[in-house]
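Presented sequentially are two complexes of subunit A, the first with subunit B as partner and the second with subunit C.
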Partner chain A sequence: MDFSVVFNEAHLKFLWDGLLVTLEVAAAAIVLSFILGIILGTLRYTRLPVISHLATLYIEVIRNLPLLLIIFFGWFGLKEWGVELPITMSVILSMTVFTSALVAEIVRSGLNSVDRGQIEAARSQGFTYLQTLNYIIMPQALKRMIPPLVSQFVALIKDTALAVAITLPELTHNAQIIYNKYPVAAIPMLLFVALIYFVINYSLSLASRRLEKKLAG
Partner chain B sequence: MILGPSGSGKSTLLRCINKLETISEGELVVDGFKVNDPKTNINLLRQEIGMVFQHFNLYPHKTVLENITLAPIKVRKMNPEEAKKIALEYLKKVGIPEKADAYPSQLSGGQQQRVAIARGLAMKPKIMLFDEPTSALDPEMIGEVLDVMRTLAKEGMTMVVVTHEMGFAREVADRIIFMDEGQIMETGTPEEFFNNPKEERTRQFLSRILKH
Partner chain C sequence: MFDFGFLEGYEQDFIDGFLTTIGVSLFALVLSLALGTVIAVFRISGVKPLEWFGTAYVEFFRNTPLVIQVFFFYVGLPALGIKLSAFLVGSFGLSIYTSSYIAEAIRAGIQSVPKGQMEAARSSGLTYIQAMQYVILPQAFKLIVPPLGNQFINLVKNSSVLAVIAGGDLLYAADVAGTEQDITPIYIFVAVLYLLLTIPLSLGVNYLERRWSKAGTR
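Moving on to the complex of A and B:
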């Protein structure tokens, strides 16, 4: 197998630019979907009339749609409606919309997993509902949410590659451009890119396992 | 002390006192507050009512000390130093001052329940509610928890206790309430209740219990 096309300096630079776009989109979408997901999941958990139903509606609609479709909406759809976002922003928006619905479900089941006795103990001491959520339920729930959250964020990083479909210049897209020009390099190029995704995502999983152990102590 | 067979509504009655249970009808007045009135600030009333549960319900993510100081600091807005001082006092009182920095999971059941009692006391409540505080404990740990409760009773703390410990009820109670099928069937002093029960249901209950 010939890796010379891969390890050409200009190509490496081009792949590096792609990786930066991948990381930028992923990092922004992770932060935003975490914040939005916590809010949506908590709202759904509270069973407040109307508000929790709206959260439920959003979550159920979004998590039953293909991500690719949402990416198309965020790009072609918005353009059709006259909203011109830079392509990176559009993908960040789409990935946030999609992932926040899944994060919300993780948050809700984390909150639900906290023993009812905890809530009763706190309420019996005179804590308000919000204080109970803040001091008693959320800290216990967050600890349990770490593993499913990390797998969700790993999925997000991998799925940034779907944005190839709207030509976001991310890692997979840039690799594709190179091997379209040098078809013999297709397999080495795909292997190299696969290795990059693997290293990033596997380190993230390891870090989360370590964090989990630390918090369990 | 509230006695009665399983499912007779003892916990339900106890939990009405601090409105952990919704009151569907009737009137309940605690310390001058109408518990059933939606206008009553229930969080204010709850600060005056400590509660100890069958399964302790300590906050597992907090140390023993934090378990005790959290509500005084956040609910009563006490200054943290003051709260800590009071917490250590009550930990000494329940006999485990050395466990202040441990987490609940590192304690035995009896120790956890004593922390739960200290947590209740640290709010300086006017009443303490106990729902079968020794039912989840191994037999050798029941004594240490009952001892703490005995001391509280001697010091004049107002307590409402649901229990299956007949000997303890007989010794410590000022008044026995006997419940069956969601109703209070009989009330009286321990003397009257155990030696001279008025109701047929009470006699049946006692003969079943005291046989063991």
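Moving on to the complex of A and C:
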């Protein structure tokens, strides 16, 4: 197998640029979907009339749709509505919409794993409902949420590659451009790029396992 | 109300696309179950080289993008002189990817049954296979099935990756129909079709999870 096309200086630079876009999109979407997911998950947990039902509707519809459909919608659909986002922003938005629904479910089951009796106990001590969530329930839930959250964010990093379908200049897309020009290099190129994703995601998974042990111990 | 005018002339594309999405999902489910079971058995076999292979397989395919795995089959096989339909290319990519998750679900289910039970079963004269079949697997089953259901839902959603390789699935049909007209109503229509497939599956998985967790498994 000939890796010379991969390890050409110009090509490596081009892949590096792609990797930076991948990481930029992933990092932004992780932060935003974490925030939105916590809000949505907590709203669903609260059992507030109407609001918790709206949160449930959003979560159930979005998480049961293909991400690629949402990415298409965030690009071609929004354009049709006259919303012209830069492509990077469009993908960040779509990935945030999708992942926040999945994060919300993780948050909700984390919250549910804490005994609801603790809410009553804290309330009877004079905590407001928000204070109870903030200081009593959420800290306990967060610990249990770490492993599924990390898997979700690893999935997000992998899924940024789907944006190749709308030609976001991320890692997979840039690799594709190179091997379309040098078809013999397709397999080495895909292997090399797969390895890059693997190194990032596997390190994250290992770090999460270590953190989990530390928190448990 | 909702205007279905966009369907005109594309009825057959949408019907074919819907059936392709279902077909790929089912075909990949069978393949990935078979592959996933083999890998799970490798991982708990106690034979070191098999365990290493199983671990490497699971970690590699779980930590790399599905699109890349599909591209491997899409550009890799023709390079070796093997020409496959987009349906098969997509199914193979999806199966490899999903099998790594299924292998983990099966392994976790089996290992959640306390080790002592295997020892007890073996010492009372059952063979390894019998102990698996009559003692371990029936208990593991209830822990394995709900995650498998979730993987099937993911398969249905992920089958949309076929659109990237012009695979003729539902999302691809939407793309084709949307080239010369407004695409928003088409996306909404297609989204509803996906939900028709995934929501009943989700409800089914939720039901099993609730029912079996109440039954006091473990």
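Miscellaneous remarks
We adopt the following convention: the second predicted complex is superposed on the first by the 214 of 217 C-alpha atoms of A that agree within 3 Å, B and C clash if a C-alpha of one lies under 4 Å from a C-alpha of the other, contacts with A are read in each partner's own complex, and residues count from 1 in each chain.
The working rule: a residue touches a chain if its C-beta (ideal position, glycine included) is under 8 Å from a C-beta of that chain, and two chains touch if they have at least 3 such contacts.
All of these numbers come straight from a predicted model, not from anything done at the bench.
When both complexes are superposed on subunit A, subunit B and subunit C end up sitting side by side without clashing. Of the two partners subunit B and subunit C, it is C that touches the larger number of subunit A residues. In the superposed pair of complexes, A:187 makes contact with subunit C only, with no contact to subunit B. Angle at subunit A between subunit B and subunit C, computed from CA centres in the superposed arrangement: 100 degrees, to the nearest 10. Of the two partner chains placed by the overlay, neither subunit B nor subunit C lies in contact with A:95. Of the two partner chains placed around the shared chain by superposition, subunit C is the only one that A:197 touches, whereas subunit B remains out of contact. Shared-chain residue A:104: touches no atom of subunit B or subunit C.
In the superposed model, A:121 makes contact with subunit B only, not with subunit C.
Contacts of A:43 after superposition: neither subunit B nor subunit C is touched.
The least CA distance from subunit B to subunit C in the superposed model is 21 Å.
Against subunit A, in their complex, subunit C makes its touches with residues 59-60, 62-69, 71-72, 75-76, 79, 153, 157-161, 163-164, 171, 174-175, 178, 182-184, 187, 190-191, 194-195, 198-199, 202. Those residues of subunit A whose C-beta lies close enough to touch subunit B in the complex are 115, 117-118, 120-128, 131, 135-136, 139-140, 143. Residues of subunit B that touch subunit A in their complex: 18, 20, 43-44, 46-47, 49-51, 53, 55, 57-61, 70-71, 74-76, 119, 123, 129.
Subunit A makes touch with subunit C in their complex at residues 60-61, 64-69, 72-73, 76-77, 80-81, 154, 158-162, 164-165, 172, 176, 179, 183-184, 186-187, 190, 193-194, 197-198, 201-202, 205.
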